[in-house]
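Take a look at the structures listed below.
Here come two complexes built around subunit A, the first alongside subunit B, the second alongside subunit C.
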Partner chain A sequence: MKPFVEITQVKKKIDNFHLGPINLTIEPGTITSLVGNNGSGKSTLMKLMMNLANTDSGSINLFNQNVSGDEEQWKSFVSYQSQKMIGWDAFTGENLKCFIAPLYEHWDEQLFQRIVEHFAIPLNQRFSKLSQGSQQKLTLALTIPRNTPLLLLDEPTAYLDIPAKTHLMDILVEWMDQGERSIIIASHQIEDIKKLSDYLFVLRNGEMIGNFEKEALTERYKRYWLRSELTESSIPGEVFRDRVQVVSNHPKETEHYLQEKGLQWTNQSSLDLEEIITLLLSPTR
Partner chain B sequence: MKEWKQAFWLAGTEWKNFSKHAVFTYTLCLLYIVIVFAFLPIFEGGTTIVGDILFIVIFLLFPAWIKPKESHVQKISGEIWASPSFIMLQQLPIRKNVIVKSRFIFHSFYSFPFQLTLLLCLYILTPEVRNMGFSAYLAFVIIWLAISIYIGFFLPTSDGGDIINWKTLLGSSLFFILLGAAILTLFHAVLDVGFVEWTIRIAQEFPLLSAIVSILLAACGFFYWPRSLKKTMEKLDYL
Partner chain C sequence: MQLPIHLSNESREPIYHQIEHQLKALIASGHIQAGTALPSIRGLAKDLEISVITIRRAYQNLEYQGFIETKQGKGTFVCDIEDALKQQVKINSVYETIERSIETAMSYNYTIEQIEEIFHNILMSYKKGE
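Our next item is the complex of A and B:
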């Protein structure tokens, strides 16, 4: 099966901010988290994918169609939830549903009703009158049931309470199991990333750090506690050091080097995903 | 045809959501019109510059004012100003052509009923218009409805937005105010007649010709403004 998303050498300059070059491929059946510091370009990348802004160079293909081309069929295969829903304020949840649902061939009314019921979303109130949390719940209730092959979620859990977050994770996992689908999710919430992601696409200040398989990434990083303080200027694979601690993203090379130099370590451990992301996003990396 | 059908459905669904607001503002504006035409002698002895401005503002800009706030151009982020409704539509699986058409239809839901009522009020309340005769009045109505298209369709075109800062805002406002003032002054100075009065006269003297020219101009506006909006939406970064 062909990839859902193919981003090739995409660059975008906005004032002093430079995004890219970005290369990213999204295969069916995967969940990719866009991870990055604030202002790293995650939302911009999603907007470029939705053709809400033009790229300076490179190309974005969704479902084998260039998003900036004349063919617009790709729009039917994508559901996009932006951070802030613009233009929704004057509509009630019910009216929004009447507006949005007919536009999607595979709209799942049952799922919509289930989410509304579980999150206790008041459908008769204007969107602007809802709390930020309820707005986000309604947005999700109006996005996930669209049942498009690709779901783009920009910070979907930023305002959700803990039970709602847990429930959303379950809904998304269940949703993924129902067919050839993919999710791209921009999030700062480590629990979302841990629970959902197959891949982590890391951006730092607009620069693409890489697209990593989650499991491979957690296996790749190791921390070593050494017997004595290090005097070596540099160790292969080293990404961080603090007196007797060394963190490596190439453990085999690091261990080989330490053994060769007769440097013994008393303990070693894997890193949390949060620590790995922190290291990846560290400006001194 | 399919595009028009979907565009009508979109505009209609959006309009239904604001129908209460529309009825309220429409009634308010109607009251305002009656007061202006019944108590202010703006057409007595030919229109004055103030009368012209008053009529043009009511005719062209009131339909925009009676539209709900959400469809007005406003700050979206940074220096991007656009209509929130327009942004909403862009994030849904709707073809660009359909979005563009729906904006003009939505505007027309507000402009044409209002403008027709205004022209009817004009007929009822002002003797100068009432005495024109039916064919001349019909030409007059066509002239103004055409203006509503080839000039008034600028308003839904602006839904697409622009990059606006205080310099461009000041510059463009000044430009349009000066241009409008210059055109109106020119009419009064050169032709010794107000603009609205001039349209009454050409409708009386050349009803067929003025109607045909107006329809042609309206056709130009009908094709030009949607293209302009589509160009804007393809050019602008909604970030």
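Our next item is the complex of A and C:
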């Protein structure tokens, strides 16, 4: 199977902000979380993928087509939910569905109705009159049933209540199970990242930190409690220290060093994904 | 269906192995009957907060060993494993558990003789308990 997305050496400068160089490949059947601080370039990357902004250099291919090229077939294979839906305010949910559904060959009306019913979305009210949570629910109801192989979601759960978040995860899991599909999701919600993602693509202030498989990341970090404080300024693998506590992202090297120096640790533990993300995104690493 | 699988990040055993072993134990002990539909790979990935890559690896190993089978378009089902195989799984899991505790003791620098004594003491206390 060919990858759905191939991003190669992409760079983009907006005022003082530099994004990239970005390299990212998305395979069918995977969910990738875009993780980063506010303003790290997640939304910009999605806009570049949708050709809503131009790259300064590098290339983005979706379904083997360059997104800034003349051919536009790739557009029918992607659904994109941005943080703000422009031009929707004056229309009701019913209106919007009538505009959107005919554009998508594989539109799933049943799924749309199910989401609307479950989330109790009022379809007869103007988009602008809905609460932020309801707007987000309606946007999801109008995005997921398009049934395109690739789904791009920019902060889809920021305003959702807890039951809605849980239900959305079930919907997305079921949606993924129906074929060769992939999701790219930008989110600050740790639950989304833990429960949905296979890969974490980490951005820090426009810089690509890496694309990590979830377990590879959690298995890589270990915390040690030493018998006494270290005198060395830095030891192999160390990424964080607080008195007798040392965190390493190369546990083998760290243990080897400690053993060689005859330094003992009283306890060791793994790190939570939240802590790992915080370490990856902290400016002084 | 939610499966009673509990993963430990602290264990030296890789996650896919833990899933594989616990599913085998659930099948061998009859907790999950033959013919039962297992959660989809994506569904189990969500429940256990593990990537599909890891779950797929565990499912593939179990399928290869004949514990489960995937029917195209229908899902993954528990196979009817023979009694002999069930016995073997039980014995293996007992051996593995004991081996793991010996490894733990050895990592604390206990000698074989000391470990023998510990085992002896534990067994004696069980005998007395009867």
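In this text, the second predicted complex is superposed on the first by the 285 of 285 C-alpha atoms of A that agree within 3 Å, B and C clash if a C-alpha of one lies under 4 Å from a C-alpha of the other, contacts with A are read in each partner's own complex, and residues count from 1 in each chain.
Keep in mind that, in the parts below, a contact is a pair of C-beta atoms (placed from the backbone, for glycine too) under 8 Å apart; a residue touches a chain by one contact, two chains touch by 3 or more.
From a predicted model like this one, the values you see are computed outputs, not experimental measurements.
Colleague: Clash or fit: how do subunit B and subunit C relate after the overlay on subunit A?
Modeller: Subunit B and subunit C fit side by side in the superposed model.
Colleague: After lining up the shared chain so the two structures overlap, which partner does A:Trp88 touch, if you call subunit B first and subunit C second: first, second, both or neither?
Modeller: first
Colleague: In the superposed arrangement, does subunit B or subunit C reach more residues of subunit A?
Modeller: Looking at subunit A, the partner in contact with more of its residues is B.
Colleague: Applying the document's definition of touch, where does A:Phe112 land relative to subunit B and subunit C: first, second, both, or neither?
Modeller: neither
Colleague: Could you look at A:Lys195 and tell me whether it touches subunit B, subunit C, both or neither (first, second, both, neither)?
Modeller: Touch partner of A:Lys195: subunit C, not subunit B.
Colleague: Given the overlay on chain A, how many degrees, to the nearest 10, lie between subunit B and subunit C at the CA centre of subunit A?
Modeller: One gets 150 degrees for this angle.
Colleague: Quick check on the superposed pair: does A:Thr44 touch subunit B, subunit C, both, or neither? Answer first, second, both or neither.
Modeller: Touch status of A:Thr44: first partner only.
Colleague: Looking at the superposed set of three chains, what is the minimum CA distance between subunit B and subunit C in Å?
Modeller: The answer for the closest subunit B-subunit C C-alpha pair is 28 Å.
Colleague: Considering only the contact definition stated at the top, list the common interface residues of subunit A for subunit B and subunit C.
Modeller: none
Colleague: So in the complex, the part of subunit A that touches subunit B is made up of which residues?
Modeller: Residue positions touching the partner: 14, 44, 47, 50, 52-54, 72, 75-76, 78, 80, 82, 85-91, 95, 98-100, 103-104.
Colleague: Going by the contact rule at the top, pick out the subunit A residues touching subunit C in the complex.
Modeller: Touch residues, subunit A against subunit C: 29-31, 169, 173, 176-177, 194-199, 213-215, 218-219, 269-270.
Colleague: Considering the complex alone, what residue numbers of subunit C touch subunit A?
Modeller: Residues 9-10, 14-15, 40, 42-43, 45-46, 49-54 of subunit C touch subunit A in their complex.
Colleague: Could you please specify the touching residues of subunit B with respect to subunit A in the complex?
Modeller: Residue list for subunit B touching subunit A: 13-14, 17-18, 68-70, 76, 83-96, 234-235, 237-239.
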